[in-house]
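The two complexes that follow have chain A in common; it is paired with chain B in the first and with chain C in the second.
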Partner chain A sequence: MAFVRRFITVIPKLAKHVPITVQSRNIKRWVAPTLMELKRREDKQGGKVTNPRNTFLEWNLEAELYAFGKRLNEEFDSDLLLQAFTDRSYVIKEEMKQKELEIDLKMKDNRELAEEGRKFMQEYIQLYLETVLHKLPAEGIMCIRNHLISEKVLSNVSFHLGTKDIILAAEYPVDNSILAQTFEALVGALLQSCGEERAAHFVRDFVITQLQGQDVNEFWEIEDPWTMLTEMISKTGSELEPRLIGEVAKNTLLACYRVGLYLDKKMMSSGFGETVAIAKEMAAREALKKIFGTEETMHPINFKLNGIPKSRSQSKISAS
Partner chain B sequence: MSNSNLFLKSGFVRAPLQNGVGRYVCQLQRIVLKFCKSHGGSRGMRDFIEQDLVDFARDNPSVVVYLKPRRHRSPVVVAEYLNGDRVWMSMQNKTQSEITKWIENMRTQQGDLSAVRLRKYQYTDHPSIQGPWTPFTFKNPELNVAKLPNPKFGANDRLPMSATEQLRIMFEKQRISKEEVKEEKKEE
Partner chain C sequence: MSAAKRVQQWATFARTWHIFDCKWQDPYQSADLIKKYLMGMHKPIYHPMNDCGDVVVCINSRDIALRGDEWKKRAYFHHTGYPGGASWTLAWEVHNKDPTMIIKKAVYRSMKGNLQRRHTMERLLIYPDEEVPEDVLQNVTNQIRQLRLVPTRLDHIPEDEVRKFPKVMDYPKDYVYK
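== the complex of A and B ==
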């Protein structure tokens, strides 16, 4: 009782200080430290673990391969399609496993198909570009073709067709070279299962269309446009004359010169730059674009050519 | 724009891989339907699977459909796209018609669009049609045929009045006023 009497005076004081929960919106200072701590622990465990999609429970390779063909509207031979998706690294890994278990099952990888597909793509893209950009010289066409069959472009195409998860490789995520090789192998597989024309249309629809919205001139770097232009003009026997047709703010930081190129006293092109030499070079570049038919105002490239176009030399012979 | 939008991934309106220039490719590559066989929350999902799923799979052979029954857990749809996006959506207590509409939405979109903040509602690779501006871009063509020197083109309409000019005008004014005074005197 003495205890109660002793503390009874304290009770009203305590009642005054009962904490009432007040809601307030603050900056949540615990978020960043928590995330940082979680990240630190994750790094300590050896980085973020991403399981490849084909180790999931809901994965059916056969269904995926079927859907892959349907997605692209192509009739792949199912064995060839599986072979096209089998990378060399996967075969090696499987053979090691089989040795341990002492069984021997033959597996084919996609190297041969890829080789075949690459060859076909090179030829077809070359012919297609020659037909579409018929004024561009062979060197320029080669540069555009090399861009199109580069690993960067092919791996991007391959990734966006959904090969990333289906590829059978030793390690995931697969790197760009495997993605690009798989795409080449797909072309090879299509070539074997459906013939040249279907394969050509496949390449046209997925690789050549990558030129859409791009400046064709950027792929071919011309070192010395002036020499090239004069050499081309001298063959025709015409007279090429550069003229300074405008200069502004001479001897200042913002100097701008304009040079016009006159072919037989008719204006062909003009270019500008901060020195006369640069302006002349730019004018020569413009003139070359005009000759090659690749100006900024050119018609869009035709992506609807059917069949495999004939090569330039052949068509010339047939024309004569 | 609300504050939460600041943390969204930003992007432009783009078609993946020039889709449609060559041929159209459905961007939804696989869809996983997870549901419970006994719970009420999965009712709509079960109805969808019973009535619409076979037609959906037949109409879209390019989409791989997986069914994943799990005991006593809420129904979920996970859609995976060709660009690597993954859309997770809870279908708890949704009716069959709602699920049909959501799945149609997932089939026709090209990625996880709701997680992207569009920077602009249009996009172009070539923002300029005329090319870079130079002092000669909008030059008056009248100048080409004018005979120089020409008072019209030689006139100073750019610089402020020079000190010499100001002095000259002051001097003229003074002279005029003196002349006026003289004339007045003469009249007197």
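== the complex of A and C ==
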């Protein structure tokens, strides 16, 4: 009994150090309900709030613009760069604000710069492609060029250059069209600040390289390859002959035919297809690719041409 | 997917129909060969989960050749599932009952037992003789080389050709054959 009496004072102290919650390695059943509840509360508040980076207190537009140019290793004129990043919607919004406050500060938007940049890009990409894919007819070049200066490609390039937060626009996140237009304006700004060659190399490095790993034939939809091929061949006076050179499982759903095209009794190309007609059409497509120098085994497109290439001579192959 | 890519895929996964003549062939060795074509193992794109197997048409399965006294000794086991339902049938009995059965069982046994096996077997067509339906024959575009040469039997060679064959000596007229 004396033993118990002696230690009875220690017991409350010991109880203090026993942890209330016990760690266990079980499935955390509280995680999903908690996340769901959080989501419910967030939705009640009116959805997820994205705070644009440029509304933060320590955002320094001037420093960002300077860093933007330095990141790309280009010497932009600072005023032109700011103008290139100013969208029309932002200017309108600011003017409304200024009208309320009754002050008048002139702001320039990027429409003229974008127009200039677009024009320069069109011309330069056209010349570049004509030099690099010198056998491809003008229609094909045009289709590839239109792909390269499409909103989808340009907005993608623009986004990954990090323009999203620097752009001054009324809305956030900015629309793809604004991203693309800003990129065009950037090219225009570079054209005015550093001259044609720097701008050309900028376009080459960021836009034309988007062709890397792509099949250039996919951009040009040839409606009737057989007619096109026969018309081109008939000019040379050679004889073109399609031959069925392979067929597999012809009575089944999985029938596959192979048609070879023979030019003066020498095999030119071959194509596969579910029917003989499709195989013949594919063979004609392959032949056209061979003529245009864009076959599967072509050398990779040269992305290292310096300067602005000269316009190629009038003796161009025309598809029509 | 562009048109060029589509037909490339179509051609890559095209199912070729092969024909194999079982005449005088060992069914168990042939099965290992046929299996490769059925499963598509002869293709560079082969993968167990890749549906790239071809179709094989076996003809003359009545004329297969078993080694030694295998016709008499090899037994095929079957169990009905009921007590006392086990039965052992000799190879020659099975072959008399169904001349396609031995080659079919050989190919089936040569493949690993998985869910795919029965579907792969559907692509094996066996005919006891040379009579193959016309629509099947039209699909065939390749022949699998036989493992062994089919020997020519002496009694199948025309008699005058045998007589003309150079000999070292002739038996005397009054020679009595044993």
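Following the convention adopted for this analysis, the second predicted complex is superposed on the first by the 288 of 320 C-alpha atoms of A that agree within 3 Å, B and C clash if a C-alpha of one lies under 4 Å from a C-alpha of the other, contacts with A are read in each partner's own complex, and residues count from 1 in each chain.
One rule holds in what follows: a contact is a pair of C-beta atoms (placed from the backbone, for glycine too) under 8 Å apart; a residue touches a chain by one contact, two chains touch by 3 or more.
Predicted model only: the values in this text are computed from it and were never measured.
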item: Room on chain A for both chain B and chain C (clash or fit); value: clash
item: Which superposed partner A:N156 touches (first chain B, second chain C, both, neither); value: first
item: First, second, both or neither for A:E218, with chain B first and chain C second; value: second
item: First (chain B), second (chain C), both or neither touched by A:K70; value: first
item: Partner chain(s) touched by A:F272 [first = chain B, second = chain C, both, neither]; value: both
item: Partner chain in contact with A:M282 - chain B first, chain C second, else both or neither; value: second
item: Contacts of A:C256 with chain B and chain C, given as first, second, both or neither; value: both
item: Chain B versus chain C, judged by how many residues of chain A each one touches; value: B
item: Touching partner for A:L57 - first (chain B), second (chain C), both, neither; value: first
item: Which of chain B and chain C A:K39 touches, first, second, both or neither; value: neither
item: Clash with chain B, by chain C stretch, listed 38-46, 56-64, 74-82 or 164-172; value: 56-64
item: Chain A positions touched by chain B in one structure and by chain C in the second; value: 246, 248-249, 256, 258, 272
item: Chain C residues within the chain A interface of the complex; value: 2-4, 7-8, 10-11, 13-17, 55, 135, 138-139, 141
item: Partner chain B, residues of chain A touching it in the complex; value: 53, 57-60, 63-64, 66-67, 70-73, 156-157, 159-162, 164, 204-206, 208-210, 212-214, 246, 248-249, 256, 258, 272, 296, 303
item: For the chain A and chain C complex, residues of the former touching the latter; value: 215, 217-218, 246-252, 254, 256, 258, 271-274, 278-279, 282, 285-286
item: Contact set on chain B toward chain A in their complex; value: 16-18, 21-23, 25-26, 29-30, 32, 61-64, 66, 68, 80, 82-84, 125-126, 131, 134-136, 139
